[in-house]
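Labels run A, B and C following the written order; every chain starts at residue 1.
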């Protein structure tokens, strides 16, 4: 029942994203704009937001920290650095920026991974978090250095990209993401049972039958790959990965079999709704969507904090 | 009923990486179905380490650990979880959960990857909760339970695994008299009536003496003694192991340890 | 403020160009890395990039006048220079009207008030002139992802208007703004106009070497992109308001008429 309501809300959000925009839809009925711009943008937003929500939920359980966000693992730092390098060196082609961001995110993931494996054997989630913060900060420092040495327009444009946006949405982008995302998504969904056990702690999870080492590895890699793709497609959009899992838990409970798909749907709906607002509120201008998700996300977060302290 | 040797550790020696001394030296321990074995000893004597090695979580430097006569480390964790239910010393609940939800986690080793809940799962969960008398707590939040209730819920989760061996690490730490007794009675009942094997690490020597079929006394990583409580729990042994003067008194046929006060260095005859 | 400055540091390309046009080029002792026009300017020593002025480097040139472009960072620099007893002038130099005013102001300081007045008069007459009827509809695109256009606050909007073209985004008061790609498609400019880094005097209709956005799939929804209607404006002539702006207007008008 709850699922039906939620699917209904998601469908409504998608329809609103297609129907609302700087130009009234009645003027666009015979224009390719709806099909070539608005629909791919809504779909891309849904997949990106869903990926961030799903990755966030998985990572919060993996690192056993309800404040974890997919970007705490250094991926956003790496992606930003990659993108800024692409901008600063004027790398050619429309795919240069996303590919550079993706590559940057992967490099950051590799570094954090190496750090977390240093103890020998399994991934240490605490090191994942701390290592992620360190790598992210380091990448951020280099990014800022490059940006400060670039000329004024590039500087501003680099920051606009970093704030995230779906304006580059096209059917090609949707296709690429939809070919890529299913594998990490399925891996994460399949880890639902093990993630349930992990919330008890690694030792109890092991005794309950979870292959803890493998699960941590799978979840970390899959969540990172999803996040890297999301950042490559749409820049750094914060708060979605942090807030959505908590919303999911409040509505669906803690069982990952329900929480993970719910986080995907909720993340998708949230981002599409935020993007619609970003396009409509100051039309014909556009707000960077990362700002809208933060503006929506922070009050939500405050509400959640109050609920937390009630426990 | 036929006795089956479920768990056996033979002469295990083990040291944690980077530690200066062995946690275990040449310790042997076994548990059969239908018996309750208690492991006692001072803090740091290696009790939890023994559990880890015996269950294949840590490999021993010397000696062997086997479950159902196969090396413990060769078991897949999922298969082992269908056989052995463990209640660890500590667990951390990351997010608030209800009792029924946490007991259901015990069904993980029986479920497939896309594990749905089947009738067998629901029955196992209900049975486990009934055995531990926590059915009436099914909808309560874990954080609202008393210490004793929470421990019973954790035992229910272990029972939901439908194991043949229950392993408990200091399950009565911090529990008051009533909950301690309830817990020991519960485990004893499960061993006696369901034929489970049970390996329980406990600090409570006296209850171990009354409920366990066999007792293993660890000191400084070595097995100081092993056998039925009446034979093993002597004044000399315990005074040496705990480094404190004691007297032994019998109650219901079980030796009960009474520590002496500091001023008196000699015991009455 | 000196009656006549003999050692001038200029921290904006447009001001550097103006100083040269006023005949004060030989008095320039410091410029930014971006001040490359006129060609003689490259012989003047560089004191930084001008965005966040390096007061030490400026002071090392021992100037008696520093010209700054108005921005929050330069106001701080001006205060620091005042602390070192170095006179600084912060000038607003965004729009055509500013050029005339600045020329009249700088003329006497740089040593040639006649030149300053004459430039001022040229710009006054431009401002007073009746612009031709707008025949071309253009959009100035500064960036592709996110789409950034130049709005009514940009001086290029004025240049376009004087040249007979209407910037379709002149309803936005900002000099530049991020807009929905959709809006660009709906407003349907005849030409996508981009300012590049090149030198030279002519506005080119691109037949090859299209900008990166021409290859972006989502931009194909804009008819001008699909049909490859790009105008490239050389940065040296169109990048900022300068004494050469009247020539820029003329060049653009000719190009638009030829293109129709």
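To be clear about the criterion, a residue touches a chain if its C-beta (ideal position, glycine included) is under 8 Å from a C-beta of that chain, and two chains touch if they have at least 3 such contacts.
What you see is a predicted model; the values in this text were computed from it and never measured.
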Chain contact topology (line, ring, star, complete or other):
line
Per mean C-alpha coordinates, the chain lying farthest from chain C is B
Roughly how many whole angstrom separate the Cα centroids of chain A and chain C?
39
Distance between chain centroids, defined by C-alpha means - chain B, chain C (Å)
80
Separation of the C-alpha centres, chain A versus chain B, in whole Å, is 44
Touching residues on chain A, where the partner in the complex is chain C
21-23, 27-28, 31-33, 36-38, 40, 92-94, 97, 151-153, 157, 160-161, 165, 167-173, 279, 283-288
Contact residues on chain C for chain A in the complex?
34, 49, 51, 142-148, 169, 172, 177-183, 185-186, 212-213, 215-218, 220-221
Touch list for chain A against partner chain B, complex:
61, 64, 66, 190, 193-194, 196-197, 199-201, 203-204, 206-212, 249, 253-255, 257, 311
Interface with chain A, chain B side, in the complex: residues 55, 57, 76-82, 84-86, 88, 90-97, 101-102, 105-106, 108-109, 111, 113-115, 143, 157, 161
